[in-house]
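Below you'll find the structures, each written out as structure tokens.
One chain, chain A, appears in both complexes that follow, with chain B as partner in the first and chain C in the second.
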Partner chain A sequence: MVNEAGQLYTIEAISAGILMLVTAYLVLSTTNLYTPGDRHINDMQLKQIGNDALAMMDAPDTYGGTGNLSRYLNSIDESEVSVAPLYAELHNSLAKTPGVTPDNLKVNGTVYWRDPSDNSVMSRTLEGGDIYHRENTVTVHRWVLTNNSAFGDNPTKTVLLEVRIWRV
Partner chain B sequence: MTDDNIVMHCRESRPLIFNDSGALSIDFIAGFTIFMIVFIIVITMISGLLIGLQSKTIDYDAVAYRTGVILAEDPGLTSGDPYNPTRWEYYDDEIVRFGLASSRDYPNILSKRKVDSFFNQSVPAIQQKTMMYGDYTYFFNITLEKSFGSSPMPVGDTYPMKSGFARRIIKIKEPSSMYINASDPPLAGAGGDGSFSVLVDASILYDQNARTPLVIDPYFDGVSIHIENIDGTLNLSKGPIIRLTSAEVIGYNAEDTIQNPYGSIINYPWTVQTDPGNIKKISTTFAPGYPAFSSLNLSVFPKVYIKYIFSNSTFGGTIVYDQYNVTQPLIPAVMEVRVW
Partner chain C sequence: MEGMNDDGQWIILMGFLVCIGLFFLAVVVNESTIVGRTTAESVLDFSKSDIQDIRGQVFEWKNLGMTGSELANSSTDLSRLAMYRQGARINITADLNKITIHYNNGVTEYDEKIFL
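Now for the complex of A and B:
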């Protein structure tokens, strides 16, 4: 049965089809979708910079000398002396412009070591770091040589310094 | 429900197929055709549509990261010198791969001479080929900033806001230099005849057990010796109190039995000179490439003495040019890589 009504339906179908197609194409091609998978790029960059900062703080400037990281940990005593210089240098290293401390980066450090007497793992949060609530952080680690008796009785030992870095 | 209703309903209902000719209606054919065409077009376009979902920043960030790793952690490669393949800074035309690290074992400790050579490089095409890799032509900007207030050293074009990014925290190792205070031992009070030597000993410098980023490379990094606080007036040729009568370089074999004089160093290009502002100081500079420090000569004559003879003085003794006696400052810096 062919009549005007049937032709009208066909034209509507064509136009509706084209309209749907164009709409779908425009929507999908122009939207910049931020997929959750992209997030690890920022985290990776932060982690990389954190690792670099710790490595450079640990590199001694003179042959046979002590790196700054060891020096800072050696200076901690039982009476909770602030490790402000450590945090200051860490902030400085993380700075986009050298010497200008970024205000959107927060850091917070913890030292882990093994107590040989009962083979337990001890830890101590380094005073003076930023207060961590529930932000999304990256964690970087560095084994540091120290002779500080605050981290066990052995004269020289390696402790694990863990630094949390996060953006606010 | 009444019987009338049932009858009326039956009478009004029409059979589903009211045309038994077997031909499809033109509506159905047209509709089905349009549907199939649209369906095929959509299916073929899906792959193209998904391209928009691939974030370009991921790609550029990855390239920036890769470039940052190559520059900060790799010493580079040249085809110009098979014995010292990482010393590309002396072979401009034969650079296989850029890399600024002083050694593969110590990432992020960069060589000053490589940094200078890289950031003075004025051929972007070469840099691109030997640093970026891949078929796609990337634009890049690499900036090195030593400290707050110092002018950054950029290479490449001005970068747009949206670009792949990587930052590396590094230290730049300056070439070694030795500062000798003439009023301290061993020079002062040596009771000598005025003859004083600096010993460059390859067996110490290239000791594989001394693993340190602060390696001294006399041939490629050069050697510089500064004798300071020389009491009295000093002159190269004449002077009333103390004068430097000669300065020469002598190579010895490991047993000190055979010597090989390399000659006086008072003349160009490896020179001894007095500091014009302070004539109590003399400086000796061996630019990179001094023959006595080449690996070939050091393999035969591993001990190289730089011998100074002063008149009217009691200087004496020998100072070893090693990691304990020289300064090699590590300058903290930040390197930023942007790719787009």
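Now for the complex of A and C:
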């Protein structure tokens, strides 16, 4: 018959064996590092809030009214003094706590439009944005309806507002 | 095993089992840090906001009562600029009772027919 002596040793040996195997597995699988290649997790979040901010700014206050984005773009003239409120509202929308100095997000906007005479694409950087130094950015777009003659000759046109957002 | 007290073997065994269980839980926690990766990739690849934006814009044109050349001009604006900045092919046709939207950026293709 089987001798009952040494049970504890057997149990200990088996347990220690399993423990060593698990430890080895754990050590080998702990080599997941958050590399720069994983930036798209942050990029996704940044892009989401960027799109949301632009959508909010484009939504009119009342039914049938004009959204703020259209209003800002309509009032742009050569001196471009009227772009500052656009950036202010954008910063405010992107901030974690509105009204409080936003977390370290920088934005920079460009308007693209089609020149109806030769179908070429024109662009104009909106003055007052943050200066871009080749940081990792996300780009969000919004179509804006405008009647500003600065963006082509057609009376009503759809321009593309491109906003770059990056974190510093 | 002479002179060794072999009481409490079950307690010791259970202690070991709990240890092993904790190790497995640690493995699960360890895996959870990379869960967001593929999700974020899918979200970034899928141009949900772009498509929603196009639809919203087309409805705005219709709400404003655009027709004819005005509508054709705006539609060309959209196609041209989307190709230039978003790398997407957009084709919109709108007549009195029907709007068709075609969107293709190489990854996502979207077609919609709206009967008014």
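Note that in this section the second predicted complex is superposed on the first by the 131 of 168 C-alpha atoms of A that agree within 3 Å, B and C clash if a C-alpha of one lies under 4 Å from a C-alpha of the other, contacts with A are read in each partner's own complex, and residues count from 1 in each chain.
Quick note on the criterion: a contact is a pair of C-beta atoms (placed from the backbone, for glycine too) under 8 Å apart; a residue touches a chain by one contact, two chains touch by 3 or more.
Computed from a prediction, not measured in an experiment: that's the story for all the values here.
Once chain A of one complex is fitted onto chain A of the other, the partner contacts of A:R142 are limited to chain C, with no touch recorded for chain B.
Applying the stated contact rule after C-alpha superposition, one finds that A:V121 touches chain C and leaves chain B untouched.
Using the contact criterion defined above for the overlaid structures, shared-chain residue A:V168 touches neither chain B nor chain C, since it reaches no partner. Of the two partner chains placed by superposition, only chain B is touched by A:A13; chain C is not.
Of the two partner chains placed by the overlay, chain B and chain C both lie in contact with A:Y25. By the touch criterion defined above, A:G64 reaches both chain B and chain C.
Contacts of A:I131 after superposition: neither chain B nor chain C is touched. Common to the chain B-facing and chain C-facing surfaces of chain A are residues 6, 9, 25, 29-30, 34, 38, 41, 44, 48, 55, 64. Chain B meets chain A in the complex at residues 19, 25-27, 30-31, 34-35, 37-38, 41-42, 45, 49, 52-53, 55, 57-58, 61, 65, 106-109, 145-149, 165-171, 212-214, 323-324, 327-330, 332-334. Considering their complex, residues 5-9, 11-12, 15, 18-19, 22-23, 25-26, 29-30, 32, 34, 38, 40-41, 43-44, 47-48, 51, 55, 58, 64, 112-114, 116, 119, 121, 140-143, 145, 154-160, 162 of chain A touch chain C. On the chain A side of its complex with chain B, the touching residues are 1-2, 6, 9-10, 13-14, 17, 20-21, 24-25, 28-31, 33-35, 38, 41, 44-45, 48-49, 52-53, 55-56, 59, 61-64, 93-100. Interface residues of chain C, counted against chain A in their complex, comprise 1, 4, 6, 9, 12-13, 16, 19-20, 23-24, 26-27, 30-31, 33-34, 36-37, 39-41, 43-44, 49-50, 53-54, 56-57, 60-61, 63-64, 66, 70, 73-74, 76-78, 80-82, 84-86.
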